[in-house]
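Below you'll find a set of structures to go through.
Common to both upcoming complexes is subunit A, partnered first by subunit B, then by subunit C.
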Partner chain A sequence: MKKIAKDRLPELLQKMAEAGKVYAPVNKGGKTNFSVWQPGDAADLTTLRSAVPAKSVLFPQSETYLRFAQQGKKLSIETVGGEADEYVLFGVRACDAKSFALLDKVFLSEPVDQFYASRRELGTVVAVACREPEDACFCRAFDIAADAPAGADVCVWDTGDDLFWLVQTEKGERLTARLAGLLEDAGAADDAALPALQAQIRAQLDELPLAALVAEKKHQALKQLFDDEQWLACSESCLGCGTCTYVCPTCHCYDIQDYDTGTGTERSRCWDSCMFSDFTQMAHGNPRKTQKERFRQRFMHKLVYYPNNYNEIACVGCGRCLEACPVNMNIVKVMKKIGGEAR
Partner chain B sequence: MEKIAAAVRERAKRALATGEVDRVFAWKRGEFWYDVTPAVFETADETDELLWDSFCVANLSKYLTGAVRQGFKVGVFVKGCDALAFNQLLQDNRISRENVRLFGLPCPGMVDPEKLKKAKRYRGVRAVARAGDVLALQGKHGEQQVEAPAYLYDKCLVCRHPNPVVYDELLAEPQPVRTPDSDRFALVNELEAMSAEEKFLFWQEQFDKCIRCNACRNICPACSCEKCIFDNGESGVAAKANADSCEEQFFHLIRAYHVAGRCVDCGECSRVCPAGIPLHLLNRKIIKDIQAIYGDYEAGLDPNVPAPLATYRLDDADPFDGHQKGGKK
Partner chain C sequence: MSCSCSTHKRDPLVPQVAVIDAMRVDTPDVTTFRVKKPAGGQAFSFMPGQCAMLSVPPVGEAIFSITSSPTEKEYMEFSIKRCGAVTDHLHALEAGTEIGIRGPYGNAFPVETALKGQDLLFIAGGIGLAPLRSVINYVLANRDQYGKVDIVYGARSASDLVHRQDLFETWPAAPATQVHLTIDRAEENWAGHVGFVPQFVKELGFSLDKTVLVCGPPIMIKFVLQGLEEIGFRRDQVYTTLELKMKCGVGKCGRCNIGDKYVCKDGPVFRCDELEALPDEY
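This part shows the complex of A and B:
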């Protein structure tokens, strides 16, 4: 294990930034989000969850990916979008790191999404353990270890004074080698301190209000779940805004639109939200006419369709939707209601 | 507050049991102490889960637009700000008065869990009881008492109508107003004092955070269009794309102007914004200007008073004559 004094974090980020872009959680205008770190930016490791999840780095909210231009009879098509250079994604939490694995199953299955794939391949992910999980957190229901993030290239623990740095993969090894002048070897006392810190985090997780939540794949028949009468009751408070979908690290639906730029056409995609009235709007109309159907779509996708395809629930328990929903309707309430197994 | 909560539950139960109303809109207990959801109650039995506590911040009035249209007789609980919203929806012809039974709830101000979190009062809390302005944070390791005003939503600290301005029956004693009305314009005054450049940079940084979730629009009691222009695929705007900062600025400014004169300053837009944009300041600036130009008018106070921006009078002030003009100085 390596370590660095916490007050030297700016130097560490500076060193990383010399080799390419570094995305880090930075507070701007009162909210912390992942953005390209600039010298002078203070990386925020205190805020537990970024307002917008770290998926925005791998799968940006909007992205232009094709440009067309017509000159005489010749049509030129240029592929833009994706990532061309190596970069570092610093400060991802265990829940967000797990969300990458869930997104991988969608975007890296055939046909592979080349823009997502390029960002996945070129990025080195540095995850940070959660020192102070909050009441809306329920990552443990999905076997996610907030004290020992999985799926990252490097794991970091904030002890208060130091950052412990533990390499997880070859990519992480390469990044660590680049930072050799800054990271020092951890001593025996540090090696002993880490399990203690992790135990302390786990003790806090035990105390959370949703600690006992069990998230299992629904076993009822698809049709039975689809027709569950609870959908109406659950959806009645839903305002139909897209907050839950946009703050969700696992939501991955997108819309594609062409724009006339005046000199050509751009094709871009942007996050879509099943909560919106124009979601799946087609020439013939919309199969999801009321908020009940839209609401059901979101949670059937998380709790039934995705698990049917990939054998895992498409939720990581980050708690963002619990915190951000204007009316506090959320996936935990739905999980307990639908399928009739209140826990 | 617990005593009033029992009365609230009892009243809802009676209204449903006697058939006085078909449905009751109220708040429901959630998964933990600050997790409260608006809910529809259809039978007297369900009302055991009905809640009135320091976290019942969500405005229920807007839900009436759907229920009233469906022809239901509904009962709804309204705080001061919710009552203003109710009146505005009436004035905008979005709901009708006759099918609604209004249960008024004088509101002591709602508690912002974020403020408790920032003050490090949050960890281990399991329940929050309240007596007047004293909050009892009850946790596994005992109880801690704190003064409520330090933890109320900003919007509640400058609330000018804690007591419903319209109701059929009031379920508790009226609450005092905490601050003079002028206080709510303090931040607007600060913004006005900025140069045009500073104002632009301020709002640019704020709008840059916008994720186009439409929470501000959907919670807003003045945003009651059947179909919003920003939901119209033919409009030519990249409503969902969040493609460039220009679009965000247009969205928020168009919305502010569309609700001008109808915004009841309930503050819900800023409360629900997941990006923390102080949207209410746009509306408050407009409210301040309307008051300066057309005299005292408060949207939602009385649906029978003509709204200045929707009424033309020969002796109307000319905002371009005498009032401060825009543009760079």
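This part shows the complex of A and C:
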């Protein structure tokens, strides 16, 4: 294990930034989000969850990926999407790191989404363990270890004075080698302190309000769950604002739109929401006519459809939707209601 | 934003350039577009029932079933009804215009497996003939490998019948092939059947050993299925092809699902007993 004094974090980020872009959680205008770190930016390792999930780095909220040029009847097409250079994504939490694995199943299955794949391939992910999990957190229901994030290239623990730095992959090894002058070898006392710190985090997780939540695949048949009469009651308060989908680290739906630049056309894709009525609107009608159907779609996707296709529930328990929903409806309530009252 | 085109593989969302070789006005709101690569030939190989995404910048993209048979190597055809932004724009184009095309998307009718050697009953309504025409022409191009062919087709009026040359000349002249036409309401100069497709199918009373392929407006598909069951067809003898709102075509953008199936990649062709396991949300 390596370590660095916490107050030297800016130096560490500076060193990383010399080799390419570094995305880090930075508080701007009162909200912490992942953005390209600039000298002078203070990386925010205190805020547990960024307002917008870290998936925004791999799957940008909006991405122009094509340019069309038309001359008379002639058309030419240029691809401009994706990432071409190596970068570091620093400060990802265990829940967001797990969301990458869930997004991989969608975007990296055939035919591979090359724009996502390029970002996945060229990014080195540094995860940070959660020193102080919050009331809305329920990652443990999905066997996600907030004290030992999985799926990252490097894991970092904030001890208060130091950042412990533990390499997880070859990519992490390469990043660590570049930072050799800054990271120092951890001592025996540090090696002993880490399990203690992790145990302390787990003890906090035990005390969370949602600690007892069990997230398991529903046993009922798809159509039976689809026809559950609780959908109406659950969805009645839904405003259809789509906020839950925009803060969700596992939502992957997107729209594709053309933009007339005046001299050509840019085609971009952007996050979309199944909570919106025009999501499925066709010339001949809409198969999801009311908010009940749209609400049901969102949660059936997370809890039934995605698990049927990929063997895992499409939720990481980050708690963002619990905090963001203006009418206080959320996936935890749905999990408890649909398919019979649960624990 | 940096360009990744040289360092990465082609993304499935990236179209290739194709040219509209010819446009044939079929009905007041349906035109058939003949599309080929600028150097000639199909933009990609496909099987009957598969779809393609057509791009007309700066308006956008929409998905269409390929109405020509894959055996027609020189071009691909799309019969497109004018009903939205992209289709309006397509209809306003002139032959010779280049557009974007990507695909093929979805599965196909099982022309090389389950349909082989079978008597086939095609049932279509309106623009629903478009995907079935690809199968019909494939079957007729490989005539000895299939049994008898019956084609039941209906439209709102005589002027709404698409692919008239196929309906009135080519198909009736093909070996062991019968075409049964109907229109919704009686009109002058129409000596054929009048009435809706589901009822017409029941009246025609086909033998129950046929394999059925259905496509049309969702409401027609539902009533045809009901009618077929009433006269004794099993659901596993019937195939249909569905359409829902699509953007990506590759099962990722998330909008064309029926339950846990994506119409763009798991469909658009479904055997009707498979549909029974899915929610009625299409």
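As a convention for this text, the second predicted complex is superposed on the first by the 339 of 343 C-alpha atoms of A that agree within 3 Å, B and C clash if a C-alpha of one lies under 4 Å from a C-alpha of the other, contacts with A are read in each partner's own complex, and residues count from 1 in each chain.
FYI, a contact is a pair of C-beta atoms (placed from the backbone, for glycine too) under 8 Å apart; a residue touches a chain by one contact, two chains touch by 3 or more.
Predicted model, so just to flag it, every value in this text is computed and none were measured.
Placing subunit B and subunit C on a common subunit A by superposition gives a fit, with no clash between them. By the touch criterion defined above, A:96 lies against neither subunit B nor subunit C after alignment on the C-alpha atoms of chain A. After overlaying the two complexes on the shared chain, residue contacts for A:147 are found with neither subunit B nor subunit C.
Legend: residue contacts after superposition of the two complexes on their common chain; A:241 is shown touching subunit B, with no touch to subunit C.
Once the two complexes are laid over each other on the shared chain, residue contacts for A:312 go to neither subunit B nor subunit C.
In the superposition on chain A, contact of A:76 is made with subunit C only, not with subunit B. Taking subunit B and subunit C in turn and counting the residues of subunit A each one touches, the greater count comes from C.
Using the contact criterion defined above for the overlaid structures, shared-chain residue A:41 touches neither subunit B nor subunit C, since it reaches no partner.
In the superposed pair of complexes, A:255 makes contact with subunit B and with subunit C alike.
Applying the stated contact rule after C-alpha superposition, one finds that A:281 touches each of subunit B and subunit C. Of the two partner chains, neither subunit B nor subunit C is touched by A:158. When the two complexes are laid on top of each other via chain A, the two nearest Cα atoms from subunit B and subunit C are 8 angstrom apart. On subunit A, the patch touched by subunit B and the patch touched by subunit C overlap at residues 64, 255, 257, 259, 272, 281. Residues of subunit B that touch subunit A in their complex: 30-40, 58, 62-63, 117, 122-126, 140, 205-206, 208-209, 211-215, 217-219, 227, 231, 233, 238, 240-243, 268, 271-272, 274-277. Subunit A contributes residues 28-31, 33, 51-52, 61-62, 64, 132, 134-136, 207, 209-210, 233, 236-237, 239-243, 245-247, 255, 257, 259, 268, 270-273, 276-278, 281, 322, 324, 326-329, 332-333 to its touches with subunit B in the complex.
Subunit C meets subunit A in the complex at residues 1-5, 7-17, 19, 55, 57-61, 83-84, 87, 94, 96-100, 217-218, 243-245, 247-248, 250-255, 257, 259-260, 277-279, 281-282.
The touching residues of subunit A, when paired with subunit C in their complex, are 63-66, 68, 70, 73-85, 106-107, 109, 111-115, 117-118, 222-223, 226-227, 252-260, 264-265, 267, 269, 272, 274, 279-285, 287-288, 293, 297, 300-301, 304-306, 308-309.
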